[in-house]
Every structure is written in C-alpha cells, then in structure tokens.
Amino acid sequence: MLPPELIAEAVANGLLAGAAYALVALGLTLVYGVLHIVNFAHGALLTVAMFAAWGMHAFLGVEPYAAIVPLAVAFMALGYGLQRWVIGPASHGDDGNTLLVTLGLSILLENAMLALFRSDTRSLGTEAGFDVVEIGPMLLSRPRLIGFAVSLATAALLWAVLAMTDTGKAIRAVAKEKLGAQLSGIDPRHIYAVTFGLGCACLAVAACLLLPTFYVNPRVGNAFVLVAFTIVVLGGMGSIPGALVGGLIVGVVESLGGLLMGESLGQLGIFVIFILVLLLRPTGLFGARA
Amino acid sequence: MNPREVWPGLALLAVVAAMPLVASNAVLNFLLSSLVVALAAQGWNILGGYAGQLSFGHAAFFGTGAYATAILQTRYGVNAWAGLAAGIALGALVGWAIGLLAFRARLRGSYFALVTLAFAEVLRILANAADVTGGAAGLLVRLAPGAGNLQFASRAGFLWLLTGAVAAVLLLTAWIAHRRLGARLVAVRENEDAARALGVDVLRVKLSAIALSGAITAAAGCLYVQNFLYLDATIAYGTWISVEVLIACVLGGAGTVLGPVVGALALHGVGELAKIALGHVAGPVPGVDLVVFGALLILAVAFLPRGVMGGLRRALRGAGR
Amino acid sequence: MTSHTTLPRRALLGAGAAGAGLLALPGLLRAQPAAVKIGLLQPLTGALAQDGELGRIGAEAAVARINADGGLPALGGARIELVVADARSNPEAGAQEVEKLQGEGVVAVVGGFASPICLAASQAAARYDLPYVVDVGVADSITARGLANTFRFAPGFGTVTGAAISNLVRLNDAAGKPCRTVVLVHEDGLFGSGLARLMATELPKHGFEVLETIAHPTPARDMNNIALRLRSLRPDLLIPSSYYGEFVLLSRTMRQQRIRPKGIYAVLNGAASNLRFVKEFPDAALGVMDCNHWHDPKNAEAVALKKGVEEAGRFWAYNIPLNYSCVKLVADAVNRAGSADRAKVMAALAASEFGGHVMPYGPTRFVSGQNQGARPVNTQVQDGDIKVIFPEEVADARAVFPIQG
C-alpha cells in the first residue's frame, strides 16, 4: 500500500495540473455552451498561444506572467475575427460543416507554426521555472501554484463577466434562446464572435501559465485536447464552474491513476470517467437538464 | 434503387478500375489509399449520414477489424479471407455493443460523438498494452503474395478488390436507402421523437445502423492490414482514421449514396495536389502544403455547404432549367 | 512532397569549367553525365517532424560533400541529386511517397526514421526491387522479412538493448558496483516497451534489482507523479527511454524535486543525445548518460560535419550523421556498381565494405540486410557537451560515475 504522504502529494499535484487543464477547458465549454459547436481548432489555438507567449519572451523579453494581459487582449481579438469572418460564414450554420471548418483551421494553424518556427521543441529555460515551495513534506512547483491561483481567478472573472455585464447577459441569452435574443435586438453573430474571443483569451492565459514548466512545438496543443473534452463533458457543457471542478477532478484522477497503474494505463481512468459520466449523467455535474 | 446516384457511382468506379491500364503505380497507390478511406467512410455514412448519429470514434471499428484479421493470421494461422469475415463480424458486434451502451443511455448529438471518441481511445490504450495485440511492438503479417492470402503483388489486383468492395457497399447503401430501413433511418435522423411517436423502434433502428456501420468500416480495416501488413495501436485505433472518414463524408455530402466515395477521393486528391503544387515552390520549408490544404478545406466547406454531391445536384438542377 | 535541392554553386562552377575545358579539346566532346537521383524519405511534417528535419540536414550535407568532391568517378563525375519526400509521420504517406520516388527514377531510397514508416516504405520499394536503406528504425522485424531490397545501416533493437545492458554492467563493475536498485521509465511505444521488458528480465541476472517499471504516453502532459515515485523509491539508477519532450519534462521535474540518483543511464533517449537539450538545460543534463546512436568523435569528417551544422545555427543530434552516412553508403554502392541500375546497386550494397562513413561501425558488412558492425555507443553529458565514454576505441572522455551530488 502506498504511504499517505505520497497520495497526498499526488492529490496536490493533480489539483495543480487540473487547474491548468480547467483553464484550457474553459474556452471549450464556453464555445460549446453558446455556439453549440465542438471546436476542433482548440488544440491548435493553444499551440499558437504558446508560440505567442514564447515569442514575447524570446523576441521582446517579456516574462510569461507579464504577457498574460496583452496576449489575452490580442487573442480576444483573434478569436473574434476567426469566428466572425472565417468560421461563422464558412459553416453556413451547419454543425457538420463547422466541424470541418474547425478541422481545416487546426491543420492550417498547426502547419503554419511548423513553417514559421520549424519542428524544434523549445523551452523557456529560465531559472524561475524550477522554483519550489515547501509545504510540509511536499515540494510543489511555484509556477504551478501561481498557475493554480490565476486559473481560479480567471474562471471567477469569466463567471462574473457572464453574470453581471450586459455582454455577459447577452451571451447567456443567445445560449439559451437564440431567436428570442435576436428579437430583443441582440446580434447573434457578434455575440458568437465575442464568445469565441473569450474562449481564445482563456487559451492565451493558459499558455502563459503553462510555458514556464512546459515546452513549445507545433504539436504541443494536441496533448491537451482530449483531456479538455473530457472536462467539458464531466463539468457540463457550457458551465464555467463545471469546467473548473471538472478540471480539478480529472487532474486528481489522472494523478492517482498514474500513481497506481502507471501513467500509460492511468490515462484509462480519464476515459472511463468520460464514458461513465456520459452514460449515467450526460449533462455533467453542473450542466442544465437536457 | 435510385438510378440517379447509383449509375454515376458505378461509372466512376469503373473508371477507377480501368486505371491500371493507363496510370502509373503512384496514381494506383493513391487510388488504393483513397478507396480504403472511402470504404470506411461508407460505413460512417450509414450511421452518421443516414441515421444522423455523428461519430468521432469510427477508429474503434476500423481497428477492431484490422486487429481481428491480423491476430487470426499471425497467431492462429487462419486464412486471410476468413480473417476478413471474422473482422466484419467482430466490427458489427463491437458496433452493436457500443450502440447498446450509448443509445440506451439516450445519448445524442455531441454527447454521442464524444462517447464514441472515448471508446476508440480506450481501445487504443488497451491495444497498446495488451499482449494479444502485440502490445506496443504491433503485429506483422507474413508477406505471402497470392490471391488466396488476400495479398496482391500488383497494385491492380488489390485495386480491383477494393473497387469491388466499394461498389458492393454502394449498391447496398442505395438499396437500404429506398427500403423501409432507410426511411426509418432518416426518420430517426430528422426527428427522433416524432419517429418514436409513429411507432418506429428507434433503439432497434439505431442498433442496426451502428452494427452495419461497424461491419463496413471493419472491412476497411482488414483490407488496410492486407495492404500494409503491419499494425500497431496508433495505426489501428488512432484518431487519424476517425477524422478522415468524418471529413470525407461531410465534404462529399453526408447522407448521400456517393458522398463518402467522392469525398474520400476529393480529400486525398486535394492533399496530393497541394503537395505536388507546393513541393517546388516551398522547397525546404515544411508544412506549407498542409497550410494550403487546411485553407482549401475551409474554402470547400464555404462554397459547398452540402458537400460535393450537394454542389453537383445544385449545378445539375441549375443546368437543367 | 518531392523537391530537388539546388546544387551547390561550387559544384556547378566546377562542372562548368570542366565542361568548357573538355570542349576546348577537339575530338573529346562528351555529354555531361546524367545526375544520379537518391530519394530521401523523412517525416517532415506531423508528430515526428523534429527528427525528419534532422535527417534531412544530414542527407543534404552528404550530397553537398559528394558533389563538391567531384561526384561519382566511375560514372564520369556524375553528381548526386537528392529527391526529398515527406512521409507526413504516417506509414501510408510514406508508402505513397516511395511510389512517387520510384516514378522519378531514384536509384535507392534512404530514411523513414520511424519503424512503422520504414516497414511500409521498404515493402512498397520491394515491389520494384528498389534498394531501401533504413536510417534509424530499430524494430527487428524490419530486417526479418526476407526482403532483398532492405538494408539497415544502424543497429537494430536487439543489438542496442544487448549493448546497453552489457555496457551498464561493465560501467557499474568498473566503478565498484555503486548501483544496485533501478527504476525504468519508458515511453509506451515500440522501443520503450520492448526495452523495458528486456531490461526487467536481464538486469536481475546481473545483480540489479528493478524496483519499478513506469510507462508513460507520448505526448505526456505531466511528469510530477513519476518524479514522486522516484522520490519515494530512491533508486540508485534511473533508466529513462523517452522522446525529447517527455525527457525534458522529466529531467526538469526531477531537478525541481531535488531528485539526484547516482546515475541516469538513458537508452535510445530523444533528449540525452541532443545538444539542444544540453544547451537549454545544462544543470538538468549534466552527467546524463545515453546508450544511443552517435557519430565517431575521432573521425575528422564527422567533426567537420558537426562544426558545419552548428555554424549554420542548428543543433546536433544522431539523425544527422546517420543519414549523412547512409547517403554516402548508397553513393559508394552506385559508384562500385558502375551504373545507376537498381539491381546492380542492390548487389553492390549487399557486398558493401564501405568505410567512408562517420559512424563508429567499421566497414559495412550486410547479412540479411543488417549491417553487422553497427552498434550504439555510450555517451555522457560533460562540460556542456556530449562525449563518448564507451567503447574505448572511439571514446573521447572517461565516464563520471556515479554522478556526485
């Protein structure tokens, strides 16, 4: 049997990892909840965000944490533009077509990164990436603790925007009842684009938080896509608290599963949860009743 | 049978079958890979196009067929044709099992799509770890060219076999589309609750669709193995095939008889064109051809929202006026 | 994608001058001999793009070198033209590209990198009796199919793991057996899993105790739990067998968690024999050993090649000298065959005793397609560089074992 300190630290690691996954899943769940599309370009957009964060550091000397706000704004704009002028018009409102458009977009973006930056795997290499905080017998990575805090803050901020601002209310209106919202004078195309922009902004924040402890290459986003989908399903499509809680749960399950069964078989834990949630409670933990 | 879709389809396949007379081996090989994807996509089309249940995890059936025939040949010395039959049967069984779990839980739309993805991933992880599938090292089927072994020394032989398979499924799809099962599939797709109210056994219809779908895609998996003779978990259950059949069907026109075939050929064709056209221009810069491919995919959807078949229908209708 | 590399200007000028000189002599008018095409198949896009790019660098360097040295003498100074094809990191695309290369009239195909791609591509080439020289792909099945066209210049999986184990035993014995407990961390693909299985059975026979075997997927998002296990198990020796990104994550996490085993003995590790890793993480990389493909550090041509690559701003890794050597091997075979006829080239390869490569293998000798002299070497990161520590005849440094601190 494994010693309790080991399990405790695995749980702590899982929570830290889960917060990062949750941030990646936030954008995905928002886009699904409002636009009702499965965004296949999510991983590629994360890759672009990570290259942007890396580029800010490599070419402009901006530290990842300092880059959070400017990149979030930039990606908000990028996401808005993509949905308003590429994905929306090309899809003609059909779900199957949107899948194809986002797939095409992901191929385009990934290979654009490859063409621009080549296939080398790059890392930030700053000493700060190795800082640890000692909590009892546990050695927790400082960048990941910061990431945990910022993830929670971002989720809270996003929730506040949706609950309290006019735009947020418009987004929720369009998500619930598009026709009614339209009749109230809300432009769904604009709202869709804003939502997609918010999703991309979350990815930008996630990228800045991941960069100190991770690496960047044209495929890096793909590693997070399936786990993000799992979290969206577990938390309930369209629910922000769901994405956060779901992320933390998935992080802990992955961590404990890895500890007990080895990392490779441990991945089964994630998918088994995925399937069980879908079969037994498909709306997820916080999702609206279908 | 609707002659409007079947005859052009058979004509197209006849042209493909005649290719060995005029085309280079590179073209024949291209047609071979496209037809394997086309066959797998025809399977997807039954479930996703006609029954309206989009699947993101058809790799689960492709890989099952592939592993079934590979394991039977390498570990038990079973004949390749018998392996093909076993693969098809197992594909149908796995389809039925996944369908039972998913449809009984009333999963629809994106939920259903994601659960199929999860099943495919679970199978991939298990296949990579298990001994019977060769684990991470995979399985290598012994090279023994001969029609009796379902291996062909020439590209032509294999191409004819594939063309025959695709044609057979084409006829099967057209036949189903105009029988009661076809009508029921469409009814379930268009409005499940109304269909149920009209007395359609929705669960049974969906289960038939997914079992048939699984069987056809599994056949594609078996034929893939016979061509390449090597199989591992990523090749069998990886997301690549799930994505390709999805793109092929939507691009070609989901829910049409010819859509998957046209879509697969178009998808691979565009990919090759991009490679050839940009190979000289881009030189040492990798990925440029795929950037163009992605852009072309987006443009294709933008200008052909009903897929290639939909676009053709529109054009023909316009021309007929 | 197939693209033809531009010929280096020197070679063009040289050829032009030679041609003009010949024209000046009446009665000695000769046509410029046709270029000999060699196909290069590498995964230039997709998951393996990093390795594909490195392979291409090596192959192009070899072609430039051969052409600068005057081309193929037995064919009248014919130049080599490299036809580059992108395998897109999957076997079907690899096989399709072989068909295209075949159509372009290449005399042989070099490369593949990943075993599944090598298997599919060499099989496709076999249909045309087109010689195929594998650059890296280690699966033993590649040379066990009885295909006369398939040659592997580098060692296969069995050779590498056997050497890794015996070299480890020797290393440990020479240092007074400081290490007894071992943890194996491996990627869950072909070489990682196979290696772990073999090590788990063989190491106990030499007095080692395998505490645990941990498999991880590629890509892996997080290595903290593996580091956690290592911290609690406290093995003397860590044996990691992973691709680049995962080992970067693992070594960073280990450093952060203050885990310093007495030795890190990697096998076929994507980062431990990659100078980018050494340059970007000097502290995490210091002392890491690898049993992997590597060039002969005492070979002047290898040293010059490495210098040229680094001056061009790229990082050195084993794919470069391997592909360099494979292309030179094929060129030598064409030269000895006296023509670009595939059957003759295949026969020349089978009988090859080529020593003009830059790997520590000695002259080539192919039995059933496998180069018998091929072997991995043991390297260690020392002084910000990767040194060969074993075998002695090619070593340029001594092992530091166990790692202090």
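Things to note:
As written, the chains take the letters A, B and C, and residue 1 is the first residue of each chain.
Definition applied: contacts are C-beta pairs under 8 Å (C-beta built on N, C-alpha and C of every residue); 3 or more make two chains touch, one makes a residue touch a chain.
The shown structure was predicted, so the numbers you read here are calculated from the model rather than taken from an experiment.
A complete topology is adopted by the chain contact network, contact being made between every pair of chains. If you compare B-C with A-B, the chain pair joined by more contacting C-beta pairs is A-B.
The distance from the centre of chain B to the centre of chain C, each centre being the mean of the chain's C-alpha atoms, comes to 36 Å. The mean-CA centres of chain A and chain B are about 31 angstrom from one another, to the nearest whole unit. Touching two or more other chains at once are residues 45, 49, 52-53, 188, 215 of chain C. The set of chain B residues touching two or more other chains comprises 128-129, 282, 286-287, 290. Across the assembly, chain A contributes 111, 114, 118-119, 218, 264-265, 267 as residues in contact with two or more other chains. Interface residues of chain C, counted against chain B in their complex, comprise 1-5, 44-45, 49, 52-53, 56, 86, 90-92, 95-96, 99-100, 102-103, 116, 119-120, 123-124, 127-128, 139, 141, 145-147, 188-190, 192-194, 215.
Chain A contributes residues 32, 36, 38, 86, 89-92, 94-97, 99-101, 103-115, 118-119, 218, 226, 229-230, 233, 237, 264-265, 267-268, 271-272, 274-275, 278-280, 282 to its touches with chain B in the complex.
Partner chain C is touched in their complex by these residues of chain A: 3, 6, 9-10, 13, 16-17, 21, 111, 114, 118-123, 125, 129-132, 139, 141, 213-215, 217-220, 222-224, 227, 254-255, 258-259, 262-265, 267.
Chain B meets chain C in the complex at residues 24-26, 29-30, 33, 128-129, 135-138, 140, 143, 153, 228-230, 232, 234-235, 240, 275-276, 278-280, 282-284, 286-287, 289-290.
Put simply, chain B touches chain A in their complex at residues 54, 101-102, 105-107, 110-111, 113-115, 117-119, 121-122, 125-126, 128-129, 243, 246-247, 250-251, 254, 282, 285-288, 290-291, 293-302, 305.
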